[in-house]
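Naming follows writing order (A, B, C and D), and every chain is counted from residue 1.
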Amino acid sequence: REVLNVASLPPRLVPKYLHKSAKGCLLSLQWPQPPRNVLIIPKLHAPKVVDSAVAFAKHLHNDYPGVNLIFESRIASHVHETLPFPIYTSDPTYFPDHIDLVATLGGDGTILRAASLFSTQESVPPVLSFSMGTLGFLGEWKFEEYKRAWREVYMSGSTVAVQDLQGPHTQAATGARAESEQSTPEVFAGWENARGKNMGATRASKILLRHRLKVGMYDADGVNINEQMMPTATAEQNNFHHHLHPASEDCAIPHPKTVMGAPPAFHAINELLIHRGPHPHLAIIDIYLNNHWLTEAVADGILISTPTGSTAYSLSSGGSIIHPLVKSLLITPICPRSLSFRPLVLPLTTKVVLKLSERNRGRELEVSIDGKRRAGVGIGMEVRVEGEIVRKLDDGSWTGGVPCVIRGPGKGEIHDGALEDDDGWVVGLNGLLKFNYPFGEPPSGF
Amino acid sequence: REVLNVASLPPRLVPKYLHKSAKGCLLSLQWPQPPRNVLIIPKLHAPKVVDSAVAFAKHLHNDYPGVNLIFESRIASHVHETLPFPIYTSDPTYFPDHIDLVATLGGDGTILRAASLFSTQESVPPVLSFSMGTLGFLGEWKFEEYKRAWREVYMSGSTVAVQDLQGPHTQAATGARAESEQSTPEVFAGWENARGKNMGATRASKILLRHRLKVGMYDADGVNINEQMMPTATAEQNNFHHHLHPASEDCAIPHPKTVMGAPPAFHAINELLIHRGPHPHLAIIDIYLNNHWLTEAVADGILISTPTGSTAYSLSSGGSIIHPLVKSLLITPICPRSLSFRPLVLPLTTKVVLKLSERNRGRELEVSIDGKRRAGVGIGMEVRVEGEIVRKLDDGSWTGGVPCVIRGPGKGEIHDGALEDDDGWVVGLNGLLKFNYPFGEPPSGF
Amino acid sequence: REVLNVASLPPRLVPKYLHKSAKGCLLSLQWPQPPRNVLIIPKLHAPKVVDSAVAFAKHLHNDYPGVNLIFESRIASHVHETLPFPIYTSDPTYFPDHIDLVATLGGDGTILRAASLFSTQESVPPVLSFSMGTLGFLGEWKFEEYKRAWREVYMSGSTVAVQDLQGPHTQAATGARAESEQSTPEVFAGWENARGKNMGATRASKILLRHRLKVGMYDADGVNINEQMMPTATAEQNNFHHHLHPASEDCAIPHPKTVMGAPPAFHAINELLIHRGPHPHLAIIDIYLNNHWLTEAVADGILISTPTGSTAYSLSSGGSIIHPLVKSLLITPICPRSLSFRPLVLPLTTKVVLKLSERNRGRELEVSIDGKRRAGVGIGMEVRVEGEIVRKLDDGSWTGGVPCVIRGPGKGEIHDGALEDDDGWVVGLNGLLKFNYPFGEPPSGF
Amino acid sequence: REVLNVASLPPRLVPKYLHKSAKGCLLSLQWPQPPRNVLIIPKLHAPKVVDSAVAFAKHLHNDYPGVNLIFESRIASHVHETLPFPIYTSDPTYFPDHIDLVATLGGDGTILRAASLFSTQESVPPVLSFSMGTLGFLGEWKFEEYKRAWREVYMSGSTVAVQDLQGPHTQAATGARAESEQSTPEVFAGWENARGKNMGATRASKILLRHRLKVGMYDADGVNINEQMMPTATAEQNNFHHHLHPASEDCAIPHPKTVMGAPPAFHAINELLIHRGPHPHLAIIDIYLNNHWLTEAVADGILISTPTGSTAYSLSSGGSIIHPLVKSLLITPICPRSLSFRPLVLPLTTKVVLKLSERNRGRELEVSIDGKRRAGVGIGMEVRVEGEIVRKLDDGSWTGGVPCVIRGPGKGEIHDGALEDDDGWVVGLNGLLKFNYPFGEPPSGF
């Protein structure tokens, strides 16, 4: 059994996202044909989660034989001994051109890591996320539901039946091996072979397109220096230039986006942060909005967050909670030395510039994206941030945003129409963030 | 000199609003023909402001003879002796069908009062607001600029020149009587007569369409009881059925919207408030979002605010500052008995229901819109709130929102392109709200 | 069976409070002789709680025959039929001179109501409070523990044994009637008759002396008008001049403090509040500290709170949580129209004056103490607030503060020395206020 | 001219602090004899401030010839060429035994640095601080007032006249050289020679005794490891073991406190901070109060602040403003990942323990005192913090706290009695922190 190179896989399939209804805000996933190349990302440093990833991989390989399984090289080297079939890996620069779908197993941090692999891309594959024990605010499915979850995502766009997503077949698949063996691999090879009644797009997976921020770093002369922000510090990144399967290196082609022209923008799914880091003194940052000077922040740091990021660091810093579908970006100061720096919510299209004041007296501040330090910035340098434009292209595909598969209700969970367009956000507010948790009562219900 | 009835005026002219540029967010005012019927609303209880209103009226009458001047009856009875020409008034129910444009002289409260006259209407005339001494956050023009402001609004849509808006003519008009006399009334009778170079739409007034909230009140049986919210408490409202000019009553026709079918929704420009009012005990309110139960608020009250209202009561209650163009509504609790009720920002289209819990034990709570008490509500009753949909109709006109004329830069104020799309919001943040006011420095610049 | 007049009871016994240790902050209750006159205050409008009050009264009458039971007249009229022995009542003005101890059954509101009966007094009897179902932050004992609680309080100061507070005797008393009958009334008539080993003062009840605020209202001429704040609105207050037992009126003597000299100060246990009440406009209040002008508050209202009150209204308004033993008072604004009005914590001895600005334009604001409206105040009037001085007199008694009996640990609850000086505050923070309630975890433990 | 060793100076004179009045909270400075050894600390990296320090030194040398002038070695090496008389310096370990008084020239940072030189001492000499341009919240005197300020401090305790503190003599000294020459040095050699009317203690300098926190660091075995916190990072500290004047080393004696017994506690004047520092992940800290577990903080960091520190970092993190005389300590979280971690204010005597949770997974967090990083702490280690006890000893001297000389009003500034006990705090709130800065008004008055 070998670890094959991602570069040898067929090119990425780009799905469409349809508006489910005039007023609904969630989109409906539509594959042009069944997805083939699935990147599986388990949580770091969590052996049990790797075991779950293996179980998930086996299920896909057995029941959906057309599916190719990709792992980051760090993981691939661990799991390929365990898996009785070939898997794929490579330098992450190959991912954007080959990955149809990403499945994460872990918490919010794992989703952020998955998104960071596509952080210079305008089109991110759909992300199916499983929470593993410690619940995350962004993670939508419980791991136990993985068979149903996968089938729903896989069938999305098919005109073939998905009637039994809730039915005996899937239920058995979840539990009993005997049943599962009955479902011969061929059945799932392509939608044409799938059994059951055609339920059309209405049973397609629901997609929440999360807004991102485009981030560029510029030196004092206005030259883009994004290259300095290239990831260097995290585990999987150390393997960038260290391919497991030597043969694969033959076809290693440098990623086109990084060789020619301006360096690509980085995209943040939670936030861009400038922080004093280990320096004991206050950071001093000039903030501009659409080229107007807004204010001079004297603070531990400044966060520019997406609505999705409003429940992350921004929340801890006193920001409001913004629903992910509000097209906006947030400016939230961290420990500002002012009584009157209230968090701001601006149109997503606002151009925000953070410029390091001369008054920082030679210190470097730290720039991070989604919780990963990217670079130190010095006096005169600036970080430009702007909401990424999410839009439908003429061919019906989309550009921008991170398409997250939202957990669909299981059989028996659909009580009324309301649930249909539910994005799980209120559940997360109450259940995870303990929003407006009542005083003096024994906790019940959550 | 008599006070004539508004009902005898020609019907309202509805302007169009054009997008100035692909990315600009301000709109451009376009009259189909010069505006004719102008409602002038001075601040309450401020004799000096009434004097300014008189000066403004005289200028309009002299230099733009086609313009009819309307006042609320309370004001009309004061000023008609002073004005050497006929003015108009009536029950406010006639305003929506006849008013082309509203001019307010005062602070934010005066703008709110103006908007409240159209609070059951989907189409509100443009509002040109002058701040009078005490600056307001919503008020855009200084009163001293009234001649330039008026000319800009009046000419918007004309293909006739407005080159001299900044020029000697207007400047003289502002200051010197001699010049002003030269400008014979006929000049402004219609755009065709206006002198000067054609500058087209680019010099048209900039419009900020402020979002509103649609509010409905329902009893425990789900019956709409908006009629109970009819204004009863404010000065001009006492004159609703008390026309100054008896003759005008002849043509008094009941306002169509209020006679047939469901009572109209009310629209809030700042916020909907439910509050404990004079009751010493905490209010208990169940909040639903899109028919899902969100939480039980135990608090002094609950605010549902527009982005515009984010700098009003919501700000005092700890809410974030939201730019008026972010399509959103805010749920901000007032003194919640919880450590974890963080303000929420939701899509403008969210349906919010506030329901009075049985646990209020028989007390009435108070419902207010934009700072005016509207009704008391009892157990089981609910208030339904939803962002008003602002959209362009097929004929190019718009429905929804309050079109506010934004102050355009005067000659010599245009430094670079940036100012062109400036909505004055940042200036208000720094100058009025003292946003992020720096520590320990002598105040300068503001 | 009759309802007797409180005036006929022996005069109040004033206990001493000893410092338990050099560094301990709780005090130790020391009766000069067993307490005799106990005022029992059940929660309002809660019939079940009245039943508990009856059970408590019967236990005291049976096992501690020297004890006289007093009820507010409103309650007395309900319960005297049920109780097979005489009880006492009167106009609350007689309470200060005759009540040795107050027992409340209810939540925090009941304790506040109890304290309000002594709000013009400098020396308040100890308050033993039982929470009834809905837990309160101030209520220390569960009602089920009433026998142990009472015995501990009753024996405090005795040199006679209390060894069996934890022992079979009390336990039986709590549960089994048989045992209880064995304990003949005489046993408890005086401490000398009490059985068991002498454990001395160490088993005496622990007292937390809660700080209060002294409040005075003054008109525009500086004349004290506290008389206008006399209670008028609550149920029991309507009975002030309406004695149940006519005979009792014979000996009705006007309360000395209210006849001669300056009107007495009112004391707040939670806070003094000035609020806009039902008026839709912002209140404008000038605040002075020790005769220096501090600031002009433009807000819904202003709270001056005790440390105890920091977990009440002040908390909802964004104030910090202050431990009850920090000698301080809090100025917390309610919805201030300012970004920079951070709550203040000042020495308890600070003289705070709240003065109604002329800018309120003729409106009245509302003054409340501990959640009860006391008066409306107009322009020019001022409210003067100051921390009450708590001090030990030469005879070893104390003046000032509300002595609250803190729940002592039961047998088996004492794990280490730490518990000995525990005031239950941390338990309340976590268990009731859900302080720092963790994200994303299933609630457990509370 | 040489730089002499501090060790050769006479031992420190310890003043007494008297209560000015029964209720006054400021103390009155009383030297047993005129102060002799003055440590002058100018702001770092500010050449102009060093010039002012030189001017101040010359004035002291000329007019108060008994006074010895001490500088940190780093400064001494700069200024001794400029000064026509000998000055003193040494390793800071000699300061506690020889410095009578510290004079700082700079902002709050300079005062913090001065206090840090005595951070292991229980008795800190009085600190006279001059603000230099950029105002500080803790700095009391303007530098221009240095002659009056010095004379007031110097004469405090004398029974000799200070009548001319406001008078022509001092005024002349401030401005005109001629006058100054008249005042022969001998005049100020001792109080006995000082001219003028005896005004007694009432004109003595007012002292605000600022509370400090005692900080100890312990490893996982409970062993005190304060030695690891010894200063290492700041400029002047690099000179600790690098004496300018070789001869002085002869008498260098190791500081007794650091050789024998337990390492001394460190004292913070603003706060103790544990922070995630450069690590991107949240810190996890268990907090104990008086040996009870309070909560697990998941946050950027935790601040334990003094009341003085409440206007420093704690303010930026959302803490309330605490008057320096409120005997308390604050627990303020920095960006806690919780909606319900409200800042706490506890009795100054509370024992707070911060323990690094195992859940930090091997990372080090950073411990800082008053803005200076002191050490990294790892899992299992704990930081113990407690308010320092400030008390009067039997001989009338005090232990604990930092005695800060409060600016006394100049002639013509005393308007009424109020000012007499003014600690300048309200002035700082309004003038420096822009407390409750009014909306929408042109700034005036500050």
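We adopt the following convention: contacts are C-beta pairs under 8 Å (C-beta built on N, C-alpha and C of every residue); 3 or more make two chains touch, one makes a residue touch a chain.
None of these values were measured; they are calculated from a predicted model.
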item	value
Comparison of C-D and A-C by number of C-beta pairs in contact, larger one	C-D
Most distant chain from chain A, judged by the mean position of its C-alpha atoms	C
Between chain C and chain A, distance of the C-alpha-averaged centres to the nearest whole Å	55
Cα-centroid distance, chain C relative to chain D, in whole angstrom	42
Sites on chain D at which at least two other chains make contact	315, 336-342, 433-435, 437-439
Chain A residues within the chain C interface of the complex	134-137, 338-342, 432-434, 437-440, 442-443, 446
Complex contact set, residues of chain C against chain D	23, 25, 289-292, 294-298, 307, 310, 315, 319-323, 325-328, 330, 333, 336-347, 349-350, 416, 418, 421-422, 426, 429-430, 433-439
Touching residues on chain C, where the partner in the complex is chain B	277-278, 280-281, 299-300, 313, 315-318, 334-340, 366, 368, 371-373, 433-435, 437
